[in-house]
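Some structures to go through are shown next.
In what follows, chain A forms one complex with chain B and a second complex with chain C.
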Partner chain A sequence: MRLERRSHVPLALAATTPLAAVAAALVLAGAFIALAGVSPLTAYAEMLRGALGSRLSLTEMLTRATPLMLTGLAAAVAFRARVWNIGAEGQFYAGALLAAWAGHSLLAGWPAPLAIALLMLGGMVAGALLLLGPLALRLGFGVDEVVTTLLLNFVVVLFVGLMIEGPLKDPMAFGWPQSVPVPGDLRLPDLVPRSRLHVGLLVALAAAAVVWLINARTVWGREMKAAGLSPRAAAFAGVSLPRTLVGVALLSGGLAGLAGAVEVLGSTGYVTTTLSPGFGYAGIVVAMLAALHPAGVVAAAVFVATIFVGADAMSRATGVPSFIADVIMALALLSMLVALLFTTHRIAR
Partner chain B sequence: MTPVLELEAITKRFGPLLANDGISLSLGEGEVLALLGENGAGKTTLMNILFGHYRPDSGEVRVMGRPLLPGRPRAALAAGVGMVHQHFTLAGNLSVLENVMIGSEPLLRFRSRRAEARARLLSLAERFGLPVTPEARVGDLSVGERQRVEILKALYRQARILILDEPTAVLARPEAERLFETLRGMAREGLSVIFISHKLHEVMAASDRVVVLRAGRMVAERATRDTTPAELAELMVGSRVVRPRRDRRASGDVVLEAQAVTLREGETTRLDCIDFTLRAGEILGIVGVSGNGQAALGRLLSGLARPTEGRLLLDGQDLSALGPRTLGRAGLGRIPEDRHAEGVIGDLPVWENATLERLREPAFSSGGFVRRGAARTHAQSLIERFDIRGATPDTRTRLLSGGNMQKLILGRVLASGPRVIVANQPTRGLDEGAIASVHARLLEARAQGAAVLLISEELEEAVGLSDRLQAIVKGRLSAPIAAEEADARRLGLMMAGVWDAQNAA
Partner chain C sequence: MNDLLGLFLTASLWAAVLNIATPLIFGTLGALLCERAGVLNLGIEGIMTMGAMIGWLTVYGGGGLWTGLLVAAAAGALLGLLHAGLTVPLGLSQHVAGLGITLLASALAAYLYRLLVEIGDLPPTIVPFQPLRIPGLSDIPFLGEVLFSRTPPTYLALVAALVLGLVLARTPLGLAVRMTGENPHAVEAQGLDPVRIRIGAVVAGSALMGVGGAFLTTAAFNSFFPAMVQGRGWICIALVVFASWRPGRALLGALLFALFDAYQLRLQAVVPGVPYQLFLMAPYLLSILALTVVARRAQVPEALMAPYRRGER
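What follows is the complex of A and B.
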């Protein structure tokens, strides 16, 4: 079997690719569910019910999708310019830590709208700065940013652990390692009353719209894409690679940091080392499933959140371990990579 | 002569395109056959079918009278067919010996027989006059040396029939001549060779027989000694193509000037104290064997490198500090050496490639937002003005042929009315028709008063277009001579680094 490049990618094909990949992943994961002794159809039905079946489950799913949209956008923005930011997890924690710290110490007592805006901005700055280091190492010395961003994740999580066991530790938390909570008036308002869903969802949706606008319509967005597709040709056309990539890093790191700040301000109010169940890494899956398109990121984040929230409910109802969610995720990523190959190539006769 | 290879009525379609239409040909033992045709005539498709990369829609390939299984490169290899691709298929991080051995050893043998392989490689190298160092890393070799490795790889697998796809596209003239000597030597040893080319002088110099393809059809077959370049050109193109000639005209004031410019990158001196002046309405040709600093000169004049010492002046203004875009605004248009790697971004649409370097100008953006309408209109006007075939503003640029891609680049340069044009290898890899049109455009720009710096490894092109010529050798530039004084001997000496030709003679 040989592959040849398609002369053009039909729009219908590009749109159905992620769906096909997801279907393939569900079929493959079904085999594992069957191995656990449960009918895959029953399991998936439970999963859907658990994620979408009631007001509570639906809002819970969207609460989970909110940070995924932001980390997904962070990965999509970076990958489009061939900046391999695997550090969204660390940037998420950097943003979360800054928002939690500044929220209870620096900005307590400030007018709420201003303080919330500043806290979110601060989270973005923290995330952006964290990615700037690896990028500077790449531009200056050719250090592979996959390695540096990935390893920084562990550094940042350990640093968060240090802070919440030490200077930021909440004395009122019965010895639990968590930071002092942000005052209630600086928290993000609820979007749906009597649920955990907060206006962070709107922030994430707005971020997706802004990223789309930047990508598709601005000079900067087109230059980021050109720099990703062909650094040499972009440089020949006068696109400054260092400047463009620094911009990419600020945007990507900023989005991941914003995810952390929004999670603290919207969901928990404080930071712990288990604040993220891997939002940063799942963001990579989200971005790939979305084929790096901002609108796709929103849809893919909802899908991933459905699987994770649904898997918990399914696990309670059927006894299949909820780890199946990770299996589905991994299979979806692999099938998407194969599917992407088939959108740009076809089998040669 | 007994035919070692026969192709019978090969037909291959790609969608609506008929790439090969019932082509039959045969190859004798010890024969060098040239397959001549323009880009897109179906030469490469035919050879890929022969080698098993593609499966023909109908027709048959026979080696030594036995039909070859279609679509199986392994079958072709086993039958003694070796192919040297235009873009080499070597692993840069392995040694020459390892590259040659790869794929020819059983996978499950515990240790490889390096010593034996090395001896065999060296004996082949000696027999066919292809000197190599088995331990050298392929990534460190020049293109000419890599090609030698590719040929040896085929011979090592006991190829009796060697196919070379545009073997000279990446070589400079002297290297190409050496290659053809080697091919003749191999033919004398009983090997049969097919080489693909669109260059007439090569075909005349190196082949026994010529098969001409045009638009997927075989249009003629000639014994090389019974034909002429003129006849072949006509057969190939279907009508007479003449490259435009330069008319005599007075040139104007000095526009671009290099004063004792040196360019060092790390430890290497790429350009060594070069001087030139370029006047309005003239073409200055920089000739030389590839790898003597042409790329560095191109980078310097494209705003991608700054002189380490010396000055570059445009209308008396120092432009050493300018980057690609500011150079463009100062009236300098650039045609890059490698259009695929630098000239265009294949995955972007035509309109973006037409405007990328001017995207920050008010004509194409306002307030940071791209004026897509204006950019598309501009692209459409380039397509019409410069006859870019098969393109709309939204076509992915990758889909254009080499010639049309070059028209896009040329159009984008000329549309802004530059006063200086730096053209680095502007016709490399193009067919006769496209070459003629690029030449016509450059001469037209010259007639309108533009100053053109032409960096070319094609002597014929440089001499035909330039008013004055300078040779580049090891980063140094000779004094200019007028094109009228450029005879083969004088140019040869210049390119060998002997500047004071009068005294030497």
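What follows is the complex of A and C.
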């Protein structure tokens, strides 16, 4: 028994792959829910209700999906070109910290639309620069970027801690370690009144559209894909690998940085060391579930946000620990990896 | 200045070096074994977390400390089997599969801990491994305190480095593992099965990682919390490169790293006014620096991360 490559991938198969992977993940995670003495069906029903059952929960879910779309795009862009950016978590914090600092000290009093655009741009620059370091080490010294981006995540979170307990500490926060706040008029407006959902959702959707355009309609997009599929063939076809990969790093790191800036400008208004409940790492799952496609990223981010927001409500109702959301997410990633193999390969005897 | 240098003369510093190094030695040896057979195992961070949780849980549930280490090794082996199943016969991306294992193992560790353990105001504790003073040797001034008054898993880590070094370098099994990492087709031509060798190496390596994690909760500390591995797994992956895939150098690398870590911990107390986060960042930055220095000269196993499919080139 061995695997052989399919000559073409049927569209129906490609489209059902993520659904099959999610179904497999839910079945497997069901065993762990049952371990807690709760029927998996009851738990999943509670999760759906908790994430989608009311106006409040629905807006809460979309608020959570917003940064996931951006970190998911960051991972998708990088992975498509085989740049293993596992540092979206750190880049998220870099973007968040820059937005909070610049919003408080630099751009206070500026006209809001201009200042908000500049703050988001600044967040992107911060994230992009943070990824440029590991990429330079890969291109210059042959250092694997997986390890460097992972290690930098810890460095950045410590740096955030240093800043919000030091120079950027909010003196009005009753001793809580949190950064100075962005002035109210520089915050992203609400999308739905009386909810936490903000215009950042539209920013994330626009980012997905832009990434799709770049991928499908520009030479740069093709070059990034070629660099991932076969660096040698790409080089032979005249694609400058370093230049292409620098572009990938700027785009990927920029998207993760934007996620951080949007979260600060839209959700909290300030930075803490717990601003991200693992948005960077969850972005990897989002990107894989989406098979690295920008439109898929939007759908996968909604799925992952549903699991996370739903798990909190389900946990309160049934007592199953909310960590089950992380279990479902990891199982979905692994199932998707296997499912993808069977869309491109079949078993031959 | 004398203070800063004087720190190096204290036995407590060198004793701390061995304590800090122990989980790194286990983890680095485990990752090294996987990679010598051609498989990158980024599941390490999660496997160490699972080892830390389940080793602790075993003892908390009434098992012995050694049983705890054994259960941690078994859990590591099981997760390793999953990683090997995904990456060796199926040939899936070792990067993504490994990260998936880390996410899964960390999530399961946190989930099971929350589910099975009643947590009050303070996390529950166990009685951890106590220092085992080796009769006679532990009375030697300085050395006795540093080398021969450690907890038993530290001795085990040193023995494991020696054994792995000997097995890889001197036995037919070790040769087969090394060949599988360099050229699996040649292994097949010898009538051996590269798939089985890779699976075996990943399972054994992951068991070592599990034990490394368990050291944190059964010897270094006496309770578990989900974020306790703190990137040690990733540091082990960096140490494997730093060690140029050799067990002896891996041991040395782990000890050097631990010396640096132990020194910066003491420096925090001696040098006031410097934010503690700068000290905590240093080990991660040091790892990146070490990788950069050695990356060009590193002798990467030829077939590392190249999936092997029979009959395919």
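Note that in this section the second predicted complex is superposed on the first by the 348 of 349 C-alpha atoms of A that agree within 3 Å, B and C clash if a C-alpha of one lies under 4 Å from a C-alpha of the other, contacts with A are read in each partner's own complex, and residues count from 1 in each chain.
As a convention for this text, a residue touches a chain if its C-beta (ideal position, glycine included) is under 8 Å from a C-beta of that chain, and two chains touch if they have at least 3 such contacts.
Since the structure is predicted, the reported quantities are computational estimates derived from the model, not experimental observations.
A.B. asks: Chain A superposed: clash or fit between chain B and chain C?
C.D. replies: Clash.
A.B. asks: So, does A:L334 touch the first partner chain B, the second partner chain C, both, or neither?
C.D. replies: second
A.B. asks: Compare chain B and chain C by how many residues of chain A each one touches, and report the one with more.
C.D. replies: Partner touching more chain A residues in the overlay: C.
A.B. asks: Once chain A of both complexes is superposed, is A:V239 in touch with chain B (first), chain C (second), both, or neither?
C.D. replies: Only chain B; A:V239 stays clear of chain C.
A.B. asks: Have a look at where A:A15 lands relative to chain B and chain C in the superposition and call it first, second, both or neither.
C.D. replies: It touches nothing on chain B or chain C.
A.B. asks: Where does A:A36 make contact in the superposed view: on chain B (first), on chain C (second), on both, or on neither?
C.D. replies: Only chain C; A:A36 stays clear of chain B.
A.B. asks: Output check: A:R222 vs chain B and chain C. Expected answer is one of first, second, both, neither. What do you get?
C.D. replies: In the superposition, A:R222 touches chain B alone.
A.B. asks: In the superposed arrangement, does A:V27 touch chain B (first), chain C (second), both or neither?
C.D. replies: neither
A.B. asks: In the superposed arrangement, which partner chain does A:P321 touch: chain B (first), chain C (second), both, or neither?
C.D. replies: The answer is second: A:P321 touches chain C but not chain B.
A.B. asks: Between chain B (first) and chain C (second), which, if any, makes contact with A:L56: first, second, both or neither?
C.D. replies: Touch status of A:L56: no partner.
A.B. asks: Among the options 182-190, 236-244 or 290-298, identify the stretch of chain C whose C-alpha atoms clash with chain B after superposing on A.
C.D. replies: None of the options clash except 182-190.
A.B. asks: In the superposed arrangement, what residues of chain A touch both chain B and chain C?
C.D. replies: Touching chain B and chain C on chain A: residues 2.
A.B. asks: Once bound in the complex, which stretches of chain C touch chain A?
C.D. replies: 42, 82, 86, 90-93, 95-97, 99-101, 103-104, 106-108, 110-111, 114-115, 230-231, 234-235, 237-238, 241, 275, 277-278, 280-281, 284-285, 287-288, 291-292, 295-296, 298, 309-311
A.B. asks: Considering the complex alone, what residue numbers of chain A touch chain B?
C.D. replies: 2, 7-8, 217-220, 222-223, 225-226, 229-230, 232-240, 348-349
A.B. asks: What part of chain B is in contact with chain A in the complex they form?
C.D. replies: Touch residues, chain B against chain A: 53-55, 302-304, 323-325, 328, 334, 336, 341-348, 352, 356-357, 359-360, 365, 368-370, 372, 396, 399.
A.B. asks: Can you check the complex and tell me which residues of chain A touch chain C?
C.D. replies: Where chain A meets chain C, its residues are 2-3, 32, 35-36, 79, 84, 86, 137, 141-144, 146-148, 150-155, 158-159, 161-162, 165-166, 281, 284-285, 288, 320-321, 323-324, 326-327, 329-331, 333-334, 337-338, 341.
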